[in-house]
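In the two complexes that follow, subunit A is the common piece, with subunit B as its partner first and subunit C second.
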Partner chain A sequence: MNGFAKCLLILLIVPVLTSCWNRRELNVLGIAIAIGIDKSDGEYKLSAQIVNPGEISGKPGTGGGSAPIVTHHATGKTIFEAIRKLTTEEPRRVFAGQTRILVFGEEFAREGIAEAMDIVTREPEVSANIYMLVSRGTTAENILKVLTSIEKVPALSILNSMKASEKYWGSIKLVKLDDLLDTLMTEGMQPALPAIEIKGDPIAGQALDHTDQSDLASVLHFTGMAVFKEDKLAGWLEEDESRAYRFVTEKVKNSVVQIPCSTEGVTSLEMIWTKNKIRGYIKRGKPYVSIQIRGEANVGETQCRESLKKPETMKELQKRTNDSLRRVIEKTILTVQEQYGSDIFGFGAEIHRSDPKGWKKLEEHTWIKEFGNLDFETHVDIRIRHTGMIVDPVEESTRRTPR
Partner chain B sequence: MLEEEKIGSRQLAVLVVMFTVGTSMLLVPGELAAEAKQDAWIASILGVGLGLLSVLLFWKLGDRFPDRTAAEYSELLLGKWLGKAMSVLFFSFCFMLSAVLLRDVGEFVSTQVLTETPIEFVHLLFLLIVVLGVRLGLAPIGRAAEIFFPWMVLLFLVVVGFLWPYAKIENLKPLMEDGFKPVLLGGVQMFTLQEYVIFLMILPFVDNIHKRGSAMLKGALVGGALVVIVTLDCILVLGPNVTTLYVYPAYVLAQKIDIGEFLSRIQIVVAGMWFLTIYFKTAVSFYASVVSLGQTLRLREHRTLVLPLAAVMLAIANIAYPNMTYYVDFYRNVWIPYGLVFMVVPPVILLTVSYVTGKKSPSCS
Partner chain C sequence: MGGIWRSIKKRFGGSSNHAQPSGSPDSSKQPLSSMLDDNTSQLKESLGCSPDLVMKEVRLHYYPKAKLKLVYIAGMADVEPLLDSFLLEASTEQLPKNLADQQLPEYLKTTVFAAGDIQEIRDYETLFAVLFAGSAVILLDGYDVAIAVGTKGGEKRGVEEPNTQVVIRGPREGFTETLNVNTALVRRIIRDNRLWLESRKIGTRTQTDVAIMYIKGLADEKVLQELRCRLDKIDIDGILESGYIEEFIQEKTLTPFPTVFNTERPDTVAGSILEGRVAIFVQGTPFVLIIPALFVQFLQSSEDYYERADFATLIRLLRYISFGIALLAPSVYIAVTTYHQELLPTSLLISLAGQREGVPFPAVIEALMMEITFEILREGGLRMPKPIGQSVSIVGTLVIGQSAVQAGLVSAAMVIVVSLTAIANFVIPAFNMAISVRMLRFFLMMVAATAGLYGLFTGMIAVVLHLCSLKSFGVPYMSPIAPIDPDNTKDSLIRAPWRSLFARPRSITPQNVIRKRKASGSEAAGGKKQP
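The block that comes next holds the complex of A and B.
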């Protein structure tokens, strides 16, 4: 065989080796960027937000002026059934490989989300990096229908605003599929998912022309965390409580807290970083945890009258910060303990880790019951570092001039 | 001697590394976590330790017959009929292992990666390159392993490095909560997945008699370390419960990697690494089964056996397990005792007989 024949043979073999048994081109896939699960009449109601590729291509004039996404719905006894049934109204096969968020409807979440976890874990197409959230005061379906303006694809808008509010506002904690699985399966730990609601008119938000306005008729917004007891939605944490939840459960990179001044007004502190340290053990048959939070903060804005140039004022502010944070955290833990009886902080898991022998003795009772008896102490140690471009409050300086 | 070409001791070491990582990387973390929960990594260290002990045993046994394979010296030691029976046992172990490994590849590809491709095609394609390698002989397989080894290590380091930010050290606690027993059971399970006994058929084809034992030991140590790191990573990143839940936790582990929304969905890197290693594991065990059958039947040219055996292997792989449940059950209730017995009993019998009768290869001084 000469060189030419060899080359030809190799070239002929190449197309056979691509192993495209079942190729799926982009134009035959309906890319579901977000999926919502609700319950209606005892059946699952699945909503899928499907990208309309022609409308998000970015080039002006390419779109036909229709909405960047379409939502489709189907019901079924299982979620799998419902997903496949979507093809009865969606012309393309629904592809879940790019799904970024999964929204549980409030009603559905109250009945338990564990059932829904099976398919998202079992299905190889779904990535483990999918973010989970709960709709508040509305169904998942309605959440997925709201159109957004700057980021055309609502699911991506939700995702980015979720990440931004985690990073700069600190009111929610992102939860991915495998985090949720781990929490559901670990003893002494219960899940909490970010809660999303519609601010404004939910119906108006579905029309494309609503995104033509500068003040949107309806927007999606995060309210804090949803508390679960086992796999059932038990209630909500408001923003302050959610922030306290984050301080207790993880390292927070950036967040904002409001500290009242000694007389009137409020100081806003930008928390640069906080670190949490939890020690749990069984003390005389009762579960006990000590929570230590350290961190640094900058002065973001102040309405206080005192001059921040004085070391005593700074010390005083620091003390008030620590006290006020401690109170919020204690209040949050007590609320969760008494109202929801669900250990979203993972105190039980911490006791299990630090005091396995003591934990074994508890196990005759279930931790859910035991969590109500939990005693805790909180130490907060926040150091205030920078004050921005000025030190003294502007207000104080302006008041001084007329004299 | 049937084989004209020999492999070097470094190639042997690399082959042993590939052999160790082969099945273990994807399957071990889940199995061990099911047994020992957060202590799975300790169990994996124990498993590696047991593997090293078995390598020492095979080293000793091999050194008494430096230029003979297990099939040859079992006849020398046990007499014609018992010896032949032993060789057939060896052959059946190597051959079953090759078929099961082929099925492992098929099972993984058809459930996780190409879900709609028939498993038979995956088997066929994979078997083709295995046959190609085995027909060419051990030396090309060894050289190929040497070429691919740096790539495997590179991919491994990339994956492990990118997983570092996701590690939660508290997942390891509490240590040894239920005592040592689950850890021990896990360690034994992992041991049965490292079928080093096959290298008794490979050792005479290594050129340097004095270095081959330590090369095998080094390979088992490096490969074992890689498996321990993967297991540790699974526990650190996914936690013991989620690791247990998935069939291939290491694959899910790689799905976690998401650096700046840009470097993500690189789980196929883990799969690629696994294909590389399991290829060499399958090729080595298939080679061992061809040689052992050829020697049992005293064939002058054992290469003629490759194609017929491959055809049988394809059939066995296709019917090996009807479904995943059977697979998990087979592994736990059949493979573990089978492997455990086969990897320990025959070599110990052979070694004892060799010591008692004083029989060893004449060329060994």
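The block that comes next holds the complex of A and C.
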């Protein structure tokens, strides 16, 4: 046998000998698409929403009418222990590489999420692309159990509706694992996570037949943001407040705001874009920020009696918009300041950035206290650009004709 | 076939007398006898009294006493015109002057066969050579000289459209099995006196004509020298196809990639010769070899040069993409689905996982099964009689694919991957490159199955390193990409418009890179470049 034949033989044998390091076939994986962490009796309770792929894919003859997901639970002193313990119930190896959603139970979140952050960042399998949520008024376990209808995999359904409501409703701000870590580790900034709750009967939502109905027995929906102080859940922001939170903290692409008319009724404005500009510094020993929000909006719907043809009306509307938005923002900041004392807006970090000398004058690690003393000033400048396909309110025109 | 491969290492003794004629042409350096009967009996004996050796007595009108014998091989020589010339001789009213002074052979040569390819023969070796080449030989009683007349004839295939490397637009001519026809087809395209042809015979028994064609001054002398040297070293009893030559002259490096290009198309040969390459014609096959062969050449079609540059460029890109798919698709699928599930979009992963539910084999085995099934079907379809072949291959693939999925033996995604791979493989214009891809695909599947994307990339790096180290007759195989040559890259991955294609491949013809538009000075060859 010559050298070449020997080499060939070795090459052919090698694949057989290695037993394929770390190989895992698709059908031995339990794809944990969402993971929930709760606390019960001092132990961690881990819930994993595991996909039943045969039920979801369109392969004929495999859909046996069982639920598209299975939820498994395990408890342990550490999360890692609980994860591994899942295999005592789950026939397949739990695979966290595709986990898209991590839900913290409300109770668990109140005690602090930092411990959970350790394993999710340490574990190489978990991607940094995972979205973090807090369950409101229920446990993470219950959230993971609710079945959804159009998108069969509940976690994907949550993910999609999360993205949609961020984009078109603007009530929540998505937070990924690495964002959360960033925030937790930055001084002068506290995290806020989207809050999810069950609307309807949580038990009925677990049964597969509830998805057969046109009106689902229970649905998951987002209610705003959960405010954290350090790593502990401090309270909630309602939808309006969440929206204000977003205007302050980021560039918003699309959102909806309600502006009361001068007399009765409301005008809905579609915000096309907004930009935030925060300047922070220490003014006479006190932290101070100025918030500037610029943006454009279109009229989405109006119940007002005024003709939008007149430039004065538009100006007036614009002024009312700015005032109303400013009031909401101020109210939100005050609420957060007084009720929760948590700087979810990152004002501290902003002061640190724009006035590092002043920041140093503050005592170390006292920002949480200082945040309560923060003074702020808000300027809102929204321009209303278009009124849609029509100018005057339809109501106005129809009433005028018979007279 | 086996007998040919057991190549005769030692040639026949060469010298020595031949009491018993061996029939081997180079064993009879024996001169012709002046006795006609001796010659005929010797001839008959040498050929073992084969009945296709025809001996026919002919008479000359003005030499009634002369004894002549016309000898030829039935089916190889077309003797009609020759016999006509005897008739013509008889009907000539005027007696040639100085008839008595002229020797009989001289008379025959100058008067009887006034036209045609005439040769005097003095020994048996040449006699056999011309006889088997299709000439007729006149043996004369009383002279130790025979006269051979070129009567090459017999049945042969005409010029037809080639079956391989089919083009939509472009010449429809293809090479035939006859060497002269083939060289003429190229000469018809390049009318240049610098288009030189060198001929030699290879194969101790088949005495196959092999001709190399190049443009003097364009082809690199070093390449030519190397080629001649390699051709001279060939030691085999028979050459039946240019594939024999290819195996003998290709690089000795162990490689799955072809380093000699072959084509059935005269336009491709002409284009290559204009670029300074050398073509090797072999009698008996329509496949002409071209050296030096570069990697990019195997992914080009002659049509690229006939279509507009923008379209040709896109088609070339498509070919490179197909090359990648054909090489990598199954291995990437295996690597990603068994090692790197986190790389896939979630819904795709769920869909793939759903299809794999209940499939009893690991993805590698599944892929290997399908690939091998496909290879069997393809090979089966190829060897089948033509009308059945195609349908077998298509129906077989479809039926087996579909029922295997329904039976739950393989996943539908795998069938898609394998079929896509197969189709992509057909996009590669050169069949021998397509074969290399097929071989490497299996190698890459194994490494991907062993070590995932890590293994796959290691394998790919190995392949690329190998490609870059490869040479064809001293020319880097990957040029003009590695080493990069900006002028020549215009005709590699892309095909730039003709206006800007002024450079020949520098690696192939280092002395004459610039194509001249107008014939001038020493450089008269390159007018326009063909594929």
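Assorted remarks:
Please note the rule applied: the second predicted complex is superposed on the first by the 378 of 403 C-alpha atoms of A that agree within 3 Å, B and C clash if a C-alpha of one lies under 4 Å from a C-alpha of the other, contacts with A are read in each partner's own complex, and residues count from 1 in each chain.
Convention: a contact is a pair of C-beta atoms (placed from the backbone, for glycine too) under 8 Å apart; a residue touches a chain by one contact, two chains touch by 3 or more.
On a predicted model such as this, the values are computed, not experimentally measured, just so you know.
Steric overlap between subunit B and subunit C is absent once the structures are superposed on subunit A; the two fit side by side. One geometric descriptor of the composite model is the angle centred on subunit A: between the Cα centres of subunit B and subunit C it reads 50 degrees, in steps of 10. When the two complexes are overlaid on their common chain A, residue A:N27 makes contact with subunit C while staying clear of subunit B. By the touch criterion defined above, A:T87 reaches neither subunit B nor subunit C. Here subunit B and subunit C are compared by how many residues of subunit A each touches, and C touches more. Of the two partner chains placed around the shared chain by superposition, subunit B is the only one that A:M185 touches, whereas subunit C remains out of contact. When the two complexes are overlaid on their common chain A, residue A:S354 makes contact with subunit B while staying clear of subunit C. In the superposition on chain A, A:S127 makes contact with both subunit B and subunit C. Contacts of A:P53 after superposition on the shared chain: subunit C is touched, whereas subunit B is not. Of the two partner chains, subunit C is the only one touched by A:R100; subunit B is not.
Following the chain A superposition, subunit B and subunit C show a smallest Cα-Cα distance of 5 angstrom. With the contact threshold set out at the top, residues 21-22, 125, 127 of subunit A are in contact with subunit B in one structure and with subunit C in the other.
Contacts from subunit A toward subunit B in the complex involve residues 19, 21-22, 121, 124-125, 127-129, 178, 181-182, 185-186, 350, 352-354, 356. Those residues of subunit A that touch subunit C in the shared complex are 4, 14-15, 18, 20-27, 29, 31, 33, 51, 53-59, 62, 95, 97-98, 100, 125, 127, 153, 156. On the side of subunit C, the complex with subunit A involves touching residues 254, 337-339, 341-342, 344, 346-347, 349-359, 362-363, 412, 446-447, 449-452.
Residues 111-118, 121, 125, 170, 173-174, 177, 238-239, 241-242, 245-246, 252, 255-256, 258, 264-265 of subunit B touch subunit A in their complex.
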